[in-house]
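Presented below is the structure to which this report refers.
Lettered A, B, C, D, E, F, G, H, I, J, K, L, M and N in written order, each chain numbered from 1.
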Amino acid sequence: MDSISLIAMASVITAGLTIGIGAIGPALGEGRAVAQALTAIAQQPDESDTITRTLFVGLAMIESTAIYCFVVSMILLFANPFWDYVLSTVEG
Amino acid sequence: MDSISLIAMASVITAGLTIGIGAIGPALGEGRAVAQALTAIAQQPDESDTITRTLFVGLAMIESTAIYCFVVSMILLFANPFWDYVLSTVEG
Amino acid sequence: MDSISLIAMASVITAGLTIGIGAIGPALGEGRAVAQALTAIAQQPDESDTITRTLFVGLAMIESTAIYCFVVSMILLFANPFWDYVLSTVEG
Amino acid sequence: MDSISLIAMASVITAGLTIGIGAIGPALGEGRAVAQALTAIAQQPDESDTITRTLFVGLAMIESTAIYCFVVSMILLFANPFWDYVLSTVEG
Amino acid sequence: MDSISLIAMASVITAGLTIGIGAIGPALGEGRAVAQALTAIAQQPDESDTITRTLFVGLAMIESTAIYCFVVSMILLFANPFWDYVLSTVEG
Amino acid sequence: MDSISLIAMASVITAGLTIGIGAIGPALGEGRAVAQALTAIAQQPDESDTITRTLFVGLAMIESTAIYCFVVSMILLFANPFWDYVLSTVEG
Amino acid sequence: MDSISLIAMASVITAGLTIGIGAIGPALGEGRAVAQALTAIAQQPDESDTITRTLFVGLAMIESTAIYCFVVSMILLFANPFWDYVLSTVEG
Amino acid sequence: MDSISLIAMASVITAGLTIGIGAIGPALGEGRAVAQALTAIAQQPDESDTITRTLFVGLAMIESTAIYCFVVSMILLFANPFWDYVLSTVEG
Amino acid sequence: MDSISLIAMASVITAGLTIGIGAIGPALGEGRAVAQALTAIAQQPDESDTITRTLFVGLAMIESTAIYCFVVSMILLFANPFWDYVLSTVEG
Amino acid sequence: MDSISLIAMASVITAGLTIGIGAIGPALGEGRAVAQALTAIAQQPDESDTITRTLFVGLAMIESTAIYCFVVSMILLFANPFWDYVLSTVEG
Amino acid sequence: MDSISLIAMASVITAGLTIGIGAIGPALGEGRAVAQALTAIAQQPDESDTITRTLFVGLAMIESTAIYCFVVSMILLFANPFWDYVLSTVEG
Amino acid sequence: MDSISLIAMASVITAGLTIGIGAIGPALGEGRAVAQALTAIAQQPDESDTITRTLFVGLAMIESTAIYCFVVSMILLFANPFWDYVLSTVEG
Amino acid sequence: MDSISLIAMASVITAGLTIGIGAIGPALGEGRAVAQALTAIAQQPDESDTITRTLFVGLAMIESTAIYCFVVSMILLFANPFWDYVLSTVEG
Amino acid sequence: MDSISLIAMASVITAGLTIGIGAIGPALGEGRAVAQALTAIAQQPDESDTITRTLFVGLAMIESTAIYCFVVSMILLFANPFWDYVLSTVEG
C-alpha cells in the first residue's frame, strides 16, 4: 500500500462520513425548529411575520453547521492539501 | 491489493454508507415537521396557507442536508477525483 | 483475494446495508406523520382534504430519502462503475 | 478462500442483515400509525372511513420501505449479478 | 476452512440473527398497537367492532415484516442457493 | 479447526443469541399490552370481556415473533441441515 | 485448540449470555405490567379480581419468553447435541 | 493454552457477566413496580392490602428472571459439566 | 501465558466488571423507588408507615440483585474453584 | 509479557473501570431521590422530618452499591489475592 | 508506511470526524433554542425584541462550540504543525 | 514492551478514563438535584432553609461517588502499588 | 513507525476528538439554558433583566467546559510537551 | 516502539479523552440547573436572590467534577509521574 492509495482511501472514507454524520444533527434541529414554528403560527397567526423571520435566521444558523461539514467534505475531495503534496512528489 | 481495488472498495462502501446514514436525520426531521404541520392545520384551519408555505420552505431546508449526502455519494461513484487519477496512471 | 472478489463483496455488503440502514429513518418519520395526520383528521374532520393533501406531499418528501438509498443500492448492484471497469480489464 | 466462497458468504450475511435491520423501522412506524388510528377512531367514530383510508395509504407508504429491503434481500439471494458472473467464469 | 464450512457457518449465523433482530421491531410495534386498541375500546366501547377490525388489519401489516425475516431465515436454512451450488460442486 | 467444530460452534452460539435477543422485543411489547389492558379494565370495567379477548389475540400475535425465534433456535440445535450434512460426510 | 475445548467454550459462553440478555426484556416488561396493575387496582378497587387475573395471565405470557431462554441455556449445558456427538467420537 | 485454561477462563468470565447483565433488567423492573405500588398506596390507602399482595407476587415473578441468571452463574462456577468432563479426562 | 496468569487475569477483570455493571440497575431502581416513596409520603402523610414499610421490603428485593453480583464477585476473588484447582495442580 | 505484568495490568485497568462504571448508577439514582425529596418537602413542609429520614435511609441503600464497587476496587489494588500469590512465587 | 502517509491519513480522518461529530451538538442545541424562541414569541408577542436579542446572543454562544471544531479542523488541514515539521525534514 | 511500559500505560489510561467516565453520573445527578431544588424554592419560598440544607447533604452524597473515582485515579497516578513493586524490582 | 510519527498521529487524532466530543455536551446544555431563558422571559417579561443576567453567568459556566477541551486541544497541537521532548532528542 | 513513545502516546490520548468525555456530564448538568433556575426566577421573582445563590453553589459543585477531569488531564500532560520516571532513566 503506497502513500497514494492510503491518502486517497482515507480522503474518500472521511469525505463521506463527515457529511453523513454531520447531516444528522442539523436535520433533526431544523425539523424541531420548523415544527415549533408551525405550532407558533397556529397559536398566534398575527405574529406570523416575526415568527417566520426568526425561523429563517435560526435555520440559517443551524444550516451553517451542516455547511461546515459539506465544506470540509468538498475540501477533502477537491482541494486536499495532503493529496496535492503527494501528487507533486510523484509527478515532480 | 492494488490501488485500484482499494480505492474502488473504499468508494463503494463510503458511497452507500454516506447516503444510508445521512438519510436518517432528514427523514426523522421531516417527519416531525410534517406531523406538526398537520396538527397546526387542524388547530387553525384559516392559516393553512401560511402553515403550508412555511412547511415547504422548512422541508426544502431539511431536504438540503439529505441532498448534500446524495451529492457526495454520487461524486464518489461517478466523479471520484482519486479514482480518475488512479485510472489515468494505469492507462496513461 | 483478487480485485473482482473484493469489489463484488464490497458492493454486495454495501448495497444491502445502504437500504437496510436507510429504511429506518423514513419508516419512522412516515409513521409519525401518518399518526399525527389521523389525530388531526379526528380533531378537525372538516379539514380532512387539506390535511390529506399536505400529508401526501410530506410523505413524498420523506419517501425521497428512502428512494435515494434505494437508487444507490440499485446502482451498486446493476450499474456499478467500479465493477464495470474491473470487468473490462479482465475481459478486455 | 476462493471468490465463490467469499461472494456467497457476503451475499448470505447481507441478505439476512438487510431485511433484519430493515424490518425494525417499518414495524415501529406502522405500529405507531395503527395505534394512533385506533385513538382517532375512538375520538371521532363518524370519521372512521376517512381515518381508515388515510391509514391504509400511509401503511402502504411505510411498508414500501420494508419491501425495498426485501427486494434487495431477494436479489442478493436469487438474482445476484456478482454471483452470476463468478459462476459464469467458473463454468464458462 | 473450505467453502462448505464457510457457507454453512455464515448461513447458520445469519439465519439466527435475521429473525432475532427482526423480531424486535414487530413485537414492539404490535405491542404498541394492541395497547392503544385496548385504550380505544375502553374510551369508546360502541366502536369496538371498527377498532378490532382496524387493529387486525394493522397487526397483519406489522406481522408481515416479521414474516419477511422468517422467510429469509428459512430460505437460508432450507433453500439456500449458495449451499445448493456448493453441494452440487462437491457431489457432482 | 475442522468443519465439525466450526459448524457446531456457530450453531451453539447462534441458537443462544437468537432466542436471547429475540426475547427482548416480545417481552417488552407484551408488557406494554398487558399494562394498558389493566388500565383499560380499570377505566371501563363493563367492557372487560372485550378487552381481555382483544388482549389475548394481541398477545398471541406478539408471542408469535418470540416463537419464530424459538423455532429457529430449536432447528439450529436439533434439526440443523448443515450439521446433518457434515455428519453424513464424516460417517458416510 | 481441539474440538472439545471449542465446543465447550462456546456452550459455556452462550449459555450464560442467552439467559443474561434474555432476562432483560421479561423483567422490564413484567415490571411495567405489575406497576400498571397496582395503579389500576388503586383506581378501581372493585375490579381487583379481574385485574389480578388478567395480570397473572399476562405475566405468564411474558415469563414464557424468559423461560424459552432458560430452556435453551439448560439444553446448552446439559443436553447439548453437539457436545454429545463430540464426546461420542472421542470415547467411541 | 490447554483445554483447562480455556474452559476455566470462559466459565469465569461468563459466570460474572451473566449475573452482571442479568441484574439490570430485574432491578429496574422491580424499582418501577415498587415505585408504582407506593403511589398506589398513597392514592388508595384502603386497598393497601390488595396492592401489597399483588406487588409481592409480581416482585417474585420479576425476581425469578434474576434467579435464573444466578442459577446459571452458580452452575457455571460449581457444577459445570464441561469442566467436570475435562477434569475427568485429566485425572482419569 | 500460562494457566495461572490467564485464570487470574480473567478472574480479576470479571470480578470488577460484574459488580461494576451489576450496580447500575439496582442503583437506578432503588433511586426510582425512593423518589416515588417521598412523593407518596408528601401526598398521603397519614400512610407514611405503610409506605415506608413497603419501600423497605421493595428495596431489599432490589438490593438482592446487587448482592448476587457482589457474591459472584467475591467468589471469583476469594473462593474461585478454577483458581483453587490450578493452584492444586501447581503445588500438588 | 510475564505473569506479573499481566496481572498488574488487569488489576489496574479493572480497579479503575469498576468504580468508574459503578459510579454512574448510584449518582443518577441518588440525584433522582434527592430531587424528588426536595419536591416533596416543597409540597408538604410539615412532613419534612419523615421525608428527610426516609431519604437518608434510601440514600444509604443506594450508596451501598457504589461502596460495593469501591470495595472491589480497593481489594484489587491493595489486597489482590492473585497478585499476592504471584509475588509469593516470585519472591518465595 | 512512512511518516508522511501516516500523519496525512490521521489528519484527513481527524479533520473530517472533528467537524462531523462536533456539528451534532450545536445543531441540536440551536434547534432547541430556536424552537423555544418561536413558542415564546407566540406567547408574548410584545416581548419579541427582547426574545430575539437574547436568542441571537445564545445562538452565538452555541455556534462558538461548532466554530471551535471548525477551527481545529481547518488547522489540521492547512496549518498542521506536525505535517509542517515532517515536510521540513523531508525537504530540508 | 517491558513491564514498566505496560504498567505505566495501563495506569495512565485507566487514571484518565476512571475520572472521565466517573464524572458523567455525578454531574448529571447533581444537575438534576440542583434543578429540582430551585423549583422547590420557587414553589415554597418559606421552606428554603430546609430545602437548601437537604440539597447540600444530598449533593455531598452524590459528590462522594465522584470522589471515589478521583481517589482511585490519584492512587493509580501517585500511589500505585503495582508500579511501586515494579520500580523496586528494577532499582532493587 | 518511529516515535515522531506515533506521537504526531496520536496528537492529531486526540486534538480533534477532544474538541469534537467535548463540544456535544456544552452545545446541548447551552441550548437548553437558552431555550428555557426565552420561555422565562415570555412568562415574566418584567424580570427579563435578572433572567438575562443569570443566563449569561450560567452560559459562561457551561462554556468553560468547552473551553477546557479547546485548551487541551490547542496544547496538544501547539505546546505538546511530549512532541517537544521528542523533537529535542532528534535535533539535539 | 520504545517506552518513551508508548507512554507519550498513552498520555496524549488519555489527556484528551479524559476532558473530552468528562465535559459531557457537567455541561449537561449545568445546562439543566441553569434552565430550571430561569424558570424558577420567572415563577417567583421575589426569591431571585435565594435562587441565584443556590444556583451558584450548585454550579460550583457540578463544575468540580469537570475540574477533576481537567486536573487529571493537566497532570498527565505536565506532571506525569510515569513520564518523569522514564525520562530520568533515559537521561540518567
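In the analysis below, a residue touches a chain if its C-beta (ideal position, glycine included) is under 8 Å from a C-beta of that chain, and two chains touch if they have at least 3 such contacts.
Which protein is which chain? UniProt says A, B, C, D, E, F, G, H, I, J, K, L, M, N = ATP synthase subunit c.
Predicted model, so just to flag it, every value in this text is computed and none were measured.
Novice: Check every other chain and keep only those touching both subunit I and subunit L; list them.
Specialist: Looking at subunit L and subunit I together, the chains touching each of them are J.
Novice: Trace the shortest sequence of touching chains from subunit B to subunit G and report its length in steps.
Specialist: 5
Novice: Using mean C-alpha positions as chain centres, tell me how far subunit C is from subunit L in Å, no decimals.
Specialist: Using C-alpha averages as centres, the distance is 46 Å.
Novice: If you average the CA atoms of subunit C and of subunit K, how many Å lie between those two points?
Specialist: For subunit C versus subunit K, the centre distance works out to 30 Å.
Novice: Could you please state the distance in Å, as a whole number, between where the Cα atoms of subunit G are centred and where those of subunit N are centred?
Specialist: Computed from C-alpha means, the inter-chain centre distance equals 43 Å.
Novice: Hey, how far is the Cα centre of subunit L from the one of subunit N, in Å?
Specialist: 11
Novice: Check each residue of subunit J and list the ones that touch at least two other chains.
Specialist: In subunit J, the residues touching two or more other chains are 1, 11, 13, 15, 17, 19-21, 24-26, 28-33, 35-37, 39, 41, 43, 55, 59, 66, 69, 73.
Novice: Line, ring, star, complete or other: which describes how these chains touch one another?
Specialist: Shape of the chain contacts: a ring, since each chain touches exactly two and the loop closes.
Novice: List, in order, the chains that make up the ring, beginning at subunit A and going on to subunit K.
Specialist: Following the ring from subunit A in the direction of subunit K gives A, K, M, N, L, J, I, H, G, F, E, D, C, B.
Novice: Which of the residues in subunit M end up touching subunit K in this complex?
Specialist: Residue positions touching the partner: 1-2, 4-5, 8-9, 11-13, 15-17, 19-21, 23-39, 41-43, 45, 48, 52, 55-56, 59, 63, 66, 69-70, 73, 77-78, 83, 87.
Novice: Which of the residues in subunit M come into contact with subunit N in the complex?
Specialist: 1, 3, 6-7, 10-11, 13-15, 17-22, 24-26, 28-33, 35-37, 39-41, 43-44, 46-47, 50-51, 54-55, 57-59, 61-62, 64-66, 68-69, 72-73, 75-76, 80-82, 85-86
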